[in-house]
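Pasting in a structure now, in structure tokens, and then I'll have a few things to ask.
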Amino acid sequence: MSEKTRKPLNTLQRAINKPVIVSLKGDLEYRGKMSNVDAYMNVILTDAEEYAAGSLSANFGKVVIRGNNIIFIKIQPDIRVI
Amino acid sequence: MSEKTRKPLNTLQRAINKPVIVSLKGDLEYRGKMSNVDAYMNVILTDAEEYAAGSLSANFGKVVIRGNNIIFIKIQPDIRVI
Amino acid sequence: MSEKTRKPLNTLQRAINKPVIVSLKGDLEYRGKMSNVDAYMNVILTDAEEYAAGSLSANFGKVVIRGNNIIFIKIQPDIRVI
Amino acid sequence: MSEKTRKPLNTLQRAINKPVIVSLKGDLEYRGKMSNVDAYMNVILTDAEEYAAGSLSANFGKVVIRGNNIIFIKIQPDIRVI
Amino acid sequence: MSEKTRKPLNTLQRAINKPVIVSLKGDLEYRGKMSNVDAYMNVILTDAEEYAAGSLSANFGKVVIRGNNIIFIKIQPDIRVI
Amino acid sequence: MSEKTRKPLNTLQRAINKPVIVSLKGDLEYRGKMSNVDAYMNVILTDAEEYAAGSLSANFGKVVIRGNNIIFIKIQPDIRVI
Amino acid sequence: MSEKTRKPLNTLQRAINKPVIVSLKGDLEYRGKMSNVDAYMNVILTDAEEYAAGSLSANFGKVVIRGNNIIFIKIQPDIRVI
């Protein structure tokens, strides 16, 4: 229940090292482990996959995604590996 | 009547833990419980559904939506479960 | 005549609890009572109607509209109920 | 000649209560008396007309136009009533 | 040669009262005397002409152009009258 | 493991002099050595190649890319020469 | 090697009086001598040429380009005259 009252940026901080899905404008999606995130929602993903219009389009060892194009960041449950 | 004079961001704060509908640019809509929101209108939804062009397109256990793409946040009455 | 020299944001403050029409990018219009507004033009409407391309498309008990997509806010005369 | 060296925002302040034409993105134009304007170019027009693609499309008793969509504000000479 | 090391906004200040061409997004161009300009590149033009897609489309006695839509301001040589 | 907790901008700083791929809006990609980067994600690439829609379209000895159009910066592993 | 660790804006400052190519959104390119640049990447070009979609479309004695539309600034080697 304490979890429910954390602010969005704190919630993202707590999801560091967890798998996330980052959705961007233009039907782009990045899936990987969020190794860090800052207050602008700039995100570092490792072992990341890019999906363009739903199809796997690229792989990234490490990628820094600029926050201002992000629509949402979905936090994956710990138990599910993407 | 005191409710009527609250500022928009305070009104959102008071809707924490209530069901909301978040409307985004590009005909996207997210429905779920707003577990938190900040001054940029960054929103955390839990048990969320995505509707693209009116059709259910995805489910989210927990998602952080970036405020700058939001058009509006509709606050649902308490009595109605989405 | 003193009314004429108020600043835009003060004029909006004075229209709280009055009926307004909020016009957004993308041919969207929201009509309702403006229960509050802040310096970013974030607006709370109650008993609101959405018009898309001129046709009634949705009803809202209470909705918070993000200021940055707003084109204009039309302040309705007191005597006319929308 | 002193008029020529006023800053743009000061020039707008001095045009308060004069007829103006406000041009917006998307081929929209608003004509009316500028009852006030602030540093963001948020403008209040009274007795305003909206022209979409050159045709009269709406009338407004009083409207607050958000500055960030404005392309230009044309200041009308005093002697010409729009 | 000292001219060459002035900053862009200072260069614009020094072009006050000179003829300029202001280019905007959407293939719009405004030609006139720049009677003033500020740090946001908000510009006042007097005796201005608007060209849409290269054709003369309007005349302005005095117009304030909002800086954020400007692509460039071309400073005309003194000897050439536009 | 300490690497995992660095902030996005620090991670970019540490990738200076490494090969990167900079992805921009509009299906543009720039590959080269990142000789520097700042807090706005303005990037200097040297010995850079531009790919438009996936095809090599230009070469640059040295180019400064403005941060605000960047979607992501992919950091290449040291061992792989692009 | 010290060159490699300069920040992007410092690198641009050092390219003053050198030939550059400024690339803008909308397939526009400006080539000329960069007589100055500021922290917003507002640029002054002298003896400049405009290329629209790759074709020479205009000449400018002196032009101030607003930084916010710039995609990149390519710094030309000293030995090559554009």
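Letters A, B, C, D, E, F and G mark the chains in the order given here, with residues in each chain numbered from 1 onward.
One rule holds in what follows: a contact is a pair of C-beta atoms (placed from the backbone, for glycine too) under 8 Å apart; a residue touches a chain by one contact, two chains touch by 3 or more.
What you are looking at is a predicted structure, and each value in this text was computed from that prediction instead of being measured.
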Problem set entry | Chain-contact steps, minimal, separating chain F from chain B | 2
Seminar exercise, completed: A correct list of chains touching both chain A and chain G reads F
For this session: Find the geometric centre of each of chain C and chain F from their Cα atoms only, then give the gap between the two centres in Å, rounded to an integer.
Result: 44
For this session: Please report how many Å separate the Cα centroid of chain B from that of chain D, as a whole number.
Result: 35
For this session: Provide the list of chain G residues touching at least two other chains, using ranges where the numbers run on.
Result: 68
Problem set entry | Sequence of chains encountered when the ring is traversed from chain F in the direction of chain G | F, G, E, D, C, B, A
Problem set entry | In the complex with chain F, residue positions of chain A that touch it | 16-17, 24, 26, 28, 30, 35-38, 42-44, 46, 60-66, 68-69
Exercise. Considering the complex alone, what residue numbers of chain E touch chain G?
Worked result: 3-9, 11-12, 25, 41, 67-68, 70-77
